[in-house]
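The next block holds one structure in the form of structure tokens; read it before the comments.
By letter and in written order, the chains are A, B, C and D; residue numbering begins at 1 in each of them.
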Amino acid sequence: MNKDRFEIRNLGPANLSSPLPLSNRDGDKLFNFISDADRVVFNTAIKDFSRCVQSGDAPLSVEKAGPREKIFFDPRKTTAAIVTCGGLCPGINNVIRSLVMGLYYFYGVKKIIGIPYGYQGLSPDNPHPYHDLTPDKVRDIHQFGGTMLGSSRGAQEVGDMVDTLISLRVDMLFTIGGDGTLKGADAIGQEIANRGLNISVVGIPKTIDNDIDLIDKSFGFETAYDVASPIIRDAHNEAKGAYNGIAIVKLMGRDSGFIAASAAMSMPEVNFLLVPELPFKLNGRDGFLKLLQRRLKAKQHAVIVVAEGAGQHLFEEESTVKDASGNIKHQDIGIFLKDRIGDYFDRQGTEVNIKYIDHSYIIRSAPANASDSIFCNRLAYQAVHGAMAGKTRFVVGLLNNQLVYLPISEVVLRRKKIDLEGEFWYAALQSTGQPFTMG
Amino acid sequence: MNKDRFEIRNLGPANLSSPLPLSNRDGDKLFNFISDADRVVFNTAIKDFSRCVQSGDAPLSVEKAGPREKIFFDPRKTTAAIVTCGGLCPGINNVIRSLVMGLYYFYGVKKIIGIPYGYQGLSPDNPHPYHDLTPDKVRDIHQFGGTMLGSSRGAQEVGDMVDTLISLRVDMLFTIGGDGTLKGADAIGQEIANRGLNISVVGIPKTIDNDIDLIDKSFGFETAYDVASPIIRDAHNEAKGAYNGIAIVKLMGRDSGFIAASAAMSMPEVNFLLVPELPFKLNGRDGFLKLLQRRLKAKQHAVIVVAEGAGQHLFEEESTVKDASGNIKHQDIGIFLKDRIGDYFDRQGTEVNIKYIDHSYIIRSAPANASDSIFCNRLAYQAVHGAMAGKTRFVVGLLNNQLVYLPISEVVLRRKKIDLEGEFWYAALQSTGQPFTMG
Amino acid sequence: MNKDRFEIRNLGPANLSSPLPLSNRDGDKLFNFISDADRVVFNTAIKDFSRCVQSGDAPLSVEKAGPREKIFFDPRKTTAAIVTCGGLCPGINNVIRSLVMGLYYFYGVKKIIGIPYGYQGLSPDNPHPYHDLTPDKVRDIHQFGGTMLGSSRGAQEVGDMVDTLISLRVDMLFTIGGDGTLKGADAIGQEIANRGLNISVVGIPKTIDNDIDLIDKSFGFETAYDVASPIIRDAHNEAKGAYNGIAIVKLMGRDSGFIAASAAMSMPEVNFLLVPELPFKLNGRDGFLKLLQRRLKAKQHAVIVVAEGAGQHLFEEESTVKDASGNIKHQDIGIFLKDRIGDYFDRQGTEVNIKYIDHSYIIRSAPANASDSIFCNRLAYQAVHGAMAGKTRFVVGLLNNQLVYLPISEVVLRRKKIDLEGEFWYAALQSTGQPFTMG
Amino acid sequence: MNKDRFEIRNLGPANLSSPLPLSNRDGDKLFNFISDADRVVFNTAIKDFSRCVQSGDAPLSVEKAGPREKIFFDPRKTTAAIVTCGGLCPGINNVIRSLVMGLYYFYGVKKIIGIPYGYQGLSPDNPHPYHDLTPDKVRDIHQFGGTMLGSSRGAQEVGDMVDTLISLRVDMLFTIGGDGTLKGADAIGQEIANRGLNISVVGIPKTIDNDIDLIDKSFGFETAYDVASPIIRDAHNEAKGAYNGIAIVKLMGRDSGFIAASAAMSMPEVNFLLVPELPFKLNGRDGFLKLLQRRLKAKQHAVIVVAEGAGQHLFEEESTVKDASGNIKHQDIGIFLKDRIGDYFDRQGTEVNIKYIDHSYIIRSAPANASDSIFCNRLAYQAVHGAMAGKTRFVVGLLNNQLVYLPISEVVLRRKKIDLEGEFWYAALQSTGQPFTMG
């Protein structure tokens, strides 16, 4: 039962021999083909094992990524397409490059189409030229942030997009995008199945917030907090540079605070860390403002890191932030905090010097750091192997340090969030010195 | 007459022998003491020389900085003080460090007071402890941005500040700050003279905008555009990452566009450069908006760099930006441009994707780059030499690549601005491809 | 049986209540104390699980790191000591800082001794003063590479070191070092046990080469290849800058090629990757030199990355490299390759331009990047928790993404090496385009 | 007389109107054409001015760079060529890019040939294809170090190179190279004159050592010490990381120590700075070794920066370094110092830990920093203006902060060296704390 949940769909039986010079024997110093039966256990707690033994269940596991001995598509006749959607994220170009290199050199797929400007480029009235992707065109792109294909937000009509894939004779579509993009990819895959077509749809999850469920991390995330880290160092300089200096650094993280928490932990100068997962109160004797006041009294400066999606509960309490129809208007938590802190100390007659720092663009558009560059390569290679084997509607991801294939439908069920009872959050709290609760 | 203008004031005759092991002979491989008669010509155009010969005038010249053979203060009995004012700027800590090292090791001044939080720390009711600056305390600070002393904006009563200097028994005050700070320093020096005291007041000009008049450059400026440069690279990624992507990068420069122009020239991906010195029109057939439209039509993306003080003339035309009293409200040119561009293309029914990027904090609070580190050291050393010689109410600066002393009163007369008919601006225009005029 | 192998030793029963404000309940948004029974499965392949179910064995597992509800040492009476040994590695100062912060603020241990210059500082005739480590002294050290305590190589007499620990009244010793250091720590722990003392000995594995067995990665390793990555980019510039330009980049890796392979994968400009694990031939029709020749013919430039321990088998074939006693002398593979490549193309009359690049020092002594900074903090916190609980002779490490305690004796049994049949090496080969075998 | 020395040669009268939309009036906010009579005074000391007034001589001056109102070449019929010679240096690609952009967009020169691999590419038997340089081909190259054209060292027969220029119908040759390259360019220009041809030869001085005479600085130099600066920071970490740790950092500078001195001043952790200009003794009571010993005694660590050309006089004293014919063999001063220091402390029975750090490649091949990027653009623009005006056998350079044209023959007469009696060297000494003399 568990196994079914993570079963990867195949377009059909893979009957062609892989052109890769691999083996099936251990000890010959050649990499082995991976079989669909090679699976990775999901839960590594020994208690879970014991539970399984008692219940007789197999433990939850997922299919290991890798080249299959038999492939579904004949490389010489295969057309691949690559599309990049949503906001920028470090590493997109690395993924594009390695998809092209992998398709071209490993398997001999010579026809690779770059779709311009996201799903818009799959619309029938797309006015932009398609890219003809070759090794020469992508050779240097990994040194640049952004996406060479351009991107766009938002959905297109699924049937239209499938029509375009057909008219372009696409056999496999690689979609690089986040939650919404992946849902779109799954819908495309469903429509393809409905029409009885043999087009593989593959997702490479791109979420700078690291909020795709089930997987260890998504590409670009490590670069994101790597670039954010010196911003915090600078913010600390700003805070210390003025009497009662308060630097508020807003970082990405609409639903999950991974970037904020990681950046904060990498620069332990941070005194307060506010993430979407954390309920906290502004007021009250152990509320955020009182804690901030104590900090200033002790040290005359403070650094606050806040994820953009943090504290949304605070807006509900505020009558002023409803719009004409009475709906709660989404507000900028950074500006909100800045105002509340200013008001609070004004009322106290205490001089404070607040600096509000929102430098998200240089994070989004940075080139991938070394760790992400490697990760992007490995993800792309495995995406190619899975597609060539005829698998579809899957993402490639890292689970317990191993590259695996997961059904798109499973990873979009919910967002990954920081576990407030986990070691990661506890370490972040310890790093800041902040209490478990505020208020 | 010209000479008088740049004459440096002395507290009195310098009668003590300098402890520095220098010489007065060429060819002995020892640095020579600098004489007050060593002056640097201001204007290097040969035409100016000819004009002087004809008129019989001496050319305008300024006093060369450097150690004097005779000094005014007895190092063993001297107390120095250092104060840092205004906004952060890369290199402040380097200047502090080298002042301390120069005073301590070159001359043997052991008593050096760090004034906390700018001129506020010279107020009689300053509650903060003074820093006792020693080589050990400043040894590593050059690796950090910000200022170890803290800073503040705004003035204090001059008489109060002189009272504090007296009560601290300060013999020489080093002020690190911009236009306002230097004016304050000059006023302090005047008050000291009025009271017949022997306290030297020295300015080390700190203006990240590089807008101090008469001098080649101020410290921190090169670091500023060095840090800004990759922001533009990233902005270019953002612009290219979306269809008709427009990235607006706001950089510092309230009255002068040196940072914006330098950063733009260092990353020739910039298509439009707007600085305070440049009058330009939004509308009209060769106005900014039309030029932008043509650029998008040709290339589907554009990068705009705008200094914060650019386009203030545009606000005067707007009836909406007056406040209740009818005064013109200062507006954010970046936001203004973003809105106007958005409106313009909305009216045309053209999809554009605008990213507004304002990342000034990481520029202000960055540590000095190598070039500025050297420059800060050299400025600080010369400031020390001048103060020990009993000079007062002067700044140390670079003129035609040589370190000189200039009266504070001369450098605060006006702001340095980009010469719209000079080679620097012409090169910037050539780099962007932008026409001389817009509108 | 399996379980025994990874059993962690305890000094004795932990009877004191932990001062940490944690819980034992899920759902209360407080981190839970970790129990010794919380263990992490070693092997995540589903096949291993099936094998265990069939054989009735429990799967191999290791103790999860974390704060225990009962602790062994009374914080108020505890003296901790920290020693750093061996070569520099990014992150040492971060570990020191977080050990001090964790001991001081989490548990209230106020007496923390910094041992100067490695195990030499534990010698009875150590002439250097001990460091008195407090939060103030370590607050900024994470921004600097190196080690604030100094380091040394080589062993000291174990009995002597235990004598010193006793005379300093040390209750827990944190050793930060590699293979040899950890073996020394285990010997110290054994001697302590022999003498019936209650001193905990903890290892935080420091190996820039990432060659400590059983654990996912060691701190500093990610920074190492992050710093190495642009060196390869530069080497590529050098190679392309001359006709038939060949850039040879030597990187660390005496026994294991993880840095070389990771750096190469992060910059796919690399054409040849040589690691200690890889047997390869210089000559022969598919030997390295012939492959290089083909590459030059096709592209006129080549980048070679070689780990310092690669190709040691080649020296055995060379009669010239034996020393006076007939022993094979260890040689520098980088120089060796440079000479052989030069000779080869000389004989062919082909012009080549070889650049040999060995920039290891800037890698070793760099400050930790963001990812390593976080990792160092988390490792240090867990080391503190384990020591406070009275555990001894263990290292803290990452296994399947979870922090665990492993007996020192297990991790020093052998070096971790690249699995030539694993996905990591296959990806590296794919990235370079190099065949599985050469020769 | 003085004027003659710096007279720039012209191919002939410039009769064509410049296509540039510039003016000849001040105050119209348009850049003005520059006239040959616009000259910049060489010596800015007021004493020199007085001397000139007394003697009746005009002061030494040089021609100001800039666009001329009349040009010599018809852009539509002009073919330009670009060649890059010698070792890598940051900024070469920026210069190439801006030459192409300037020729193409400012003047409308559409035919621009990139010569492959330096002067070798001008040899009649050059086997490599010529580059057809267009804006599209050079658009992104400024982000990469190295040279897109490739380079080579050494000379070719001058007559052959002129033959090649003729056969390629080249009208203007831009040579980017150092001392030897410029001498070659001048010889080419002479041969062109001998043959009565109208080909302009322009030099853009490229010397990472900054040793071209008469000019303020050469491109790439600032980047060089900017990249070198953190190497010194790391070296300091290495030195402090071991007892009596001594880090020796070798930097470029065969004849001049500008990089070493600048890098040292930018990181005042440096204790000893050795440059080619400085005579020093190893032995003797105030020799280098004794000073080093005192430093270690006081602080237990030391950082030494040595330029590669420093201390060549020491080799003459050593009998061991003569080769078979009795000639003095050039030696590596870094290795030499390392050995001598090791021997010295061995003899004293003092433990020292020496790290020898030579990381020159990452300096040479780094991309230009922001300051150099701007500088390269401005140099290239002025080179284009001069060539279009029909000037020949000149270099473009910076003098007293202004861009000027200088005859190649003048700048290659001698190497620029650090003035041991100048402010720069004195500041460097003050920064290190090192005495004027050693020995």
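Throughout what follows, a residue touches a chain if its C-beta (ideal position, glycine included) is under 8 Å from a C-beta of that chain, and two chains touch if they have at least 3 such contacts.
Every value quoted in this text rests on a predicted model; they were computed, and no experiment measured them.
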Mutual neighbours - chains that touch subunit B and subunit C alike: A, D
Contact-richer chain pair (by C-beta pairs counted) among A-B and A-C: A-C
Whole-Å separation of chain centres (CA-atom averages), subunit A against subunit B: 42
Between subunit A and subunit C, centroid-to-centroid distance (C-alpha), Å: 28
Subunit C, residues touching no fewer than two other chains: 143-144, 233
Interface residues, subunit C side, partner subunit A - complex: 21, 26-32, 38-41, 44-47, 49-50, 52-53, 58-59, 61, 66, 97-98, 101-102, 105-106, 142-143, 216, 222, 225-226, 228-229, 233, 262-263, 265-268, 369-371, 373-374, 377-378, 381, 400-403, 420-423, 425-427, 430-431, 433, 436-437
Subunit D-touching residues of subunit C, taken from the complex the two chains share: 88, 116-117, 120, 128, 144-147, 150-152, 230-231, 233-238, 240-243, 245, 355, 357-359, 361-362, 364-366
